[in-house]
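Written out below as structure tokens is the structure these notes cover.
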Amino acid sequence: MKFLKIQNGISTKNVLTIFTLIIGIIIIMPILFILIESLNLKSFDFSSSLLNYFFSTFKLVFYTCFISIIFAVVPAWIITFSDIKHKNIFDLLNILPLAIPGYIMAFTYADILGFNGYFDIFLQRNFNTRLSLDVLSLEWLSFFLALSLYPYIYATTRISFKLIGGTYIGLSEILGLSKIKTFFKIILPLSISAIFSGTMLVIMEILNEYGAVNYFGIKTFSVGIFKYWFSMDDKSTAIVFSLLLLIIVLCLMWGLNYIKKNDEKIKYNIKNLNHNYKKKYENKIISFGIVSIPIFFGLIIPLIFIIKNVKKNFNIYDWGELFSVFINTFYIALISSIIITVISFFILSVKRYNKTNKINLLTIFLSTGYAIPGAVIGLSFMLILQYLSPNLNFLMGTITLLIYAYIFRFIAVAIFPIESNFKQQPLKFDELGKSLNLTSTQIFTKINFPLSKFAIISSFLLVFIDVFKELPLTLILRPFNYETLATQAYQYANEEMLSYSSVYSLSIIVVCSIIIILSKLIFKSKI
Amino acid sequence: MNKFVILLLSILLLGCNSKKNKNEILNIYSKRHYQVDKDLFKKFEEENNIKVNVIKASSDELIERIKTEGENCPADLLITVDAGKLYKAANEKLLEKINVNDINGNVKEELVDKNGFWIPITYRARIIAYNPIKVNIQDLSTYEDLTSKNWENRVLVRSSTNAYNQALLSSLVAHHGEEVASQWCNDLVSNFAREPKGNDRDQVRAIVANIGDIAIVNSYYIGLLKSSTDSLDRKIGESVNVFFPNQAKNERGAHVNISGLGLLKNAPNKNNAIKFMKFITSEYAQEYYTNNSYEYPVNKNVKPSNIIAEWGDFKIDNLDLNELGIKRKKAIEIFENSKWN
Amino acid sequence: MFLNIKNLSKKYGENSILSNLSFSLNKGEIISIIGSSGSGKTTLLKCISGLCDIDTGEITINLKAIQNLEPNKRNIGYVFQESPLFPHLNVIDNILFNMKDIDNEKLNFLLEKIQIEHLTNRYPHEISGGENQRVSVARSLIRNPSLLLLDEPFNNLDNQIRKNTKELVFDIIKKTKTTTIIVNHNIKESLEIADKILVLDKDIKNNMIGTPLEIYSKPRNLETARLFGEINSINLENEKIYFRPHNISIVDKSNIKVKVIESIFLGSHYKITAKFEKDKVILFNNEYIKKNTIIYLNIEEKYLMKFN
């Protein structure tokens, strides 16, 4: 910070702001590029097949969200308001499916339930029938994706139920409302924004999903982008798809912002009074059963099969290759997470002091990176390099470029916890520091940083997990001989070598699970 | 702040450093990287003391990447499993003409690029696998005939998104023109036993499950099934027979496609690339291929492996394989507008 | 007696929060519960309202035992200290929440008297803290509760609003003759409104119930006495005596000889701090007394306090 001290009347504030804007613009260049390219489109005719893409995408999103919400809300309610013991363990188990990426979940289940899969052969061998299940369909895919994505909704909903329930159950009891009515008339309406913000994350993940959707033969936008760009050399259509995705995402984010604003006004009064129902008469077995269903299908079954596969093929694995790929993945996830966390903390800190519209807009654009499919980001980077060639070509195929793309894609993940944390740190604290004669640096190290510690750590961990399991972007931009666990798992699965693929899948799942468990332990008191 | 700047700089340096390498190397962008390929690359490495670096991705992605990298592209060779993609690369001016003398001399003429930009490594046919109990071999004749009422509800084939089918349709567009090919496509869909699901091997398995009677698949898959470690798959491989379409005297021959390679214009290790090309078309490599991946060898002097030799010789469609690239966009369009999923 | 609490006991694990507590109220009476935090005030309210179970005891309202009834069957109104209203419903919906038959006359009466008629369509976040509490009171009263419980209802309000809100609430309670239990920190308010005062202490031996005058003049222990104001304690003839500052008179001669340390002007009187041997004594006087002056004090027997 020293070299940014007051220079010739330009205050530190202004310099920092400009610096932030520059970083921000560099980061969002890909979006700008898509927008610019779309302005260059000469003509575009909407053939009916394009409408198909729209409808398929919409259908997939709708079904998956519907199923995810049920998987998330029902257990969240039962766990919060019943007498189940070890709620912490259930919370943890309901978040762990996040460690299983969507494409791995889809491949594994396609293998289990598909033609000549485990179940099919089992029935053939023992009952002389087949399992004629058309599992490579949109409906089934939405089920499998929901199994992998529902934890997003579960996490936010559970917190909301706990807080709101704790505040209003007592009041509701006195005023004569039954448990079920209380849920539908009080708790659910007040939790809508929590459910919606979780659902938004789910929608973004679905739009990004490429591996599973491609394998299942579903025509979504992300698949379409790949197809039109690469196979049909039709850049215009690909760009139109990207643009449509951008618009959808912006709408979603605006909607979320609106609900959050509305929310803040309404919920300023909520304090957890720790009310809870006195006697719990429900059938514990039924509760336990219902709560276990998502965990069983989203965590236990896939794990069992993957581990089975690994055991079966133990001796044919190239452990050297696995090790080096593991190191690659770990290294790049670590570096990226550090950089991304630092950058977002920096930008948000500047935003805190300087709430200009430019910076606000910048933050919004930065956040959209998360919703744009990794494939599109990879392609737009290539576009940019082609456009700016030959000067910047040396960047192609380097880790630097890959990390740059990760920054763009995942900065939203880091922004979210830090921004929420900053909202709880009014500028009064900084003024307090000034009144105690602390320098800017001291205010930062003694006031801001300790208060933000947890947010920074959770940003870091969230980004780490996301980079660790990232697929489409890495597939396009990775350097020579540079494989990640995700690219290996995907490539082997795609070539019908699921047995090879399993050990890479398992590595991803294990590492992500450890991190999730770790963060749960760290934030025990906070959640 | 300072730490951050240092970190960023060191990463930039690190990233750039990955290029400098004093030893002999060969950089390959390849769509295929099966165990057979890995084995052969290793053999090449040992024999020539040249380190082989491979980046594996779909051909389209690789081509796009080569375009982006421009002069700085580190790759020497592009290997694809589809002649159409090699045509695409050549068309985008990414390839350099290959000096034919000692390489192409050994290779079947009908498979070599007329324009000299790429060479084939292996080839395969898109054949019709059939259930000998349900299907009389006299009933089978041509790809075109598959649209007749005779085959209603009996035809099995994978999705139209797959390159193998796109290449086949491209050859039909090249031979018959867009309209006829389009008609063929739609008529064939009416004969499907079920909506396209799964891969080529799944179609063969479906024959044995009595879901359909015939399947359009690549020849090497039958070989892979027959030699599988899974007893069930072996049984399936044994239960079907192989038919090469369009073999009659007045017919053009069965549709084939190749795995091939092209030499990239800005290849930094050209000599090593040429060594590799000689190696991969040599008898050793060709025999290795045919005995392990059940593809047909392009080397004139190498005989196909036993399993596929059983099927005998067949007439190869003499279409210029570049057509598989020239007509590709049209074929994909036809598929997009059809009901073939 | 309208409300009868008999031998009420409640334990949380090993801790006995309430032990054999008994008191009663006539219809329309107001009792104020005071005591340090942790003494069980909120627990008592929760037990009476049915939000938590009791271990032993009986709660009777109008000769009907209610300790086994569900909370909503007890016809008890409860105004919470925090989050009294549902945030997603407006004022009128909050007031009429889950009500079937609405007495419009009574509704209008309440709205008018508590001065919230102009707020009916607003949402809780759009009205002030004091208004929130008033709405909460209206919501309880519209249901004609046999008993009204108020848990530190004015705590989060600043001075002027507190005064205003308090007046309106106490007014409506008196007008509707509602039997009320109010937990309150502000002793002055309790003295203003309560017919009875219940002092809860962590040590249940010190629990006391009585009229405000009784509790004020004859508190059972020093802490309770301190709740109501300053207490002087001095060692006189080997006995410790306790008395309040304004029960002291200055006389010409007595056995309590003190030296003045300082006189502070408090507007209506002076607060004099004086030294008696090793102890400090505080008294009030209309005039200023110079430092180091020697004065003699006298306290009437009836004003001396004795503790257990």
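The chains carry the letters A, B and C, assigned in the order they are written, with residues numbered from 1 in each.
One rule holds for everything that comes next: a contact is a pair of C-beta atoms (placed from the backbone, for glycine too) under 8 Å apart; a residue touches a chain by one contact, two chains touch by 3 or more.
None of these values were measured; they are calculated from a predicted model.
The most centrally placed chain, judged by C-alpha centroids, is A.
Ranking A-B and A-C by contacting C-beta pairs places A-B first. Look at where the CA atoms of chain B average out and do the same for chain C: the two points lie 88 Å apart. Centroids built from CA atoms put chain B at 36 Å from chain A.
The distance from the centre of chain A to the centre of chain C, each centre being the mean of the chain's C-alpha atoms, comes to 52 Å.
Shared contact sites, meaning residues of chain C that touch two or more other chains, are absent. Chain C contributes residues 49-53, 70-72, 76-78, 80, 82-88, 97-98, 123-125, 132, 139 to its touches with chain A in the complex. If you check the complex, the residues on chain B that touch chain A are 1, 4, 7-8, 11-12, 14-16, 18-19, 27, 34, 53-58, 60-61, 64-65, 67-74, 159, 161, 166, 195-199, 201-202, 205-206, 209, 232, 328-329, 332-333, 336-337, 341.
If you check the complex, the residues on chain A that touch chain C are 167-168, 170-171, 173-177, 186, 189-190, 265-271, 273, 275, 278. Put simply, chain A touches chain B in their complex at residues 1, 4, 47, 49, 114-116, 121, 130, 134, 136, 217, 227, 229-233, 335, 338-339, 342, 379, 382, 385-386, 389-390, 393-401, 403, 475-476, 478-482, 491, 495-496.
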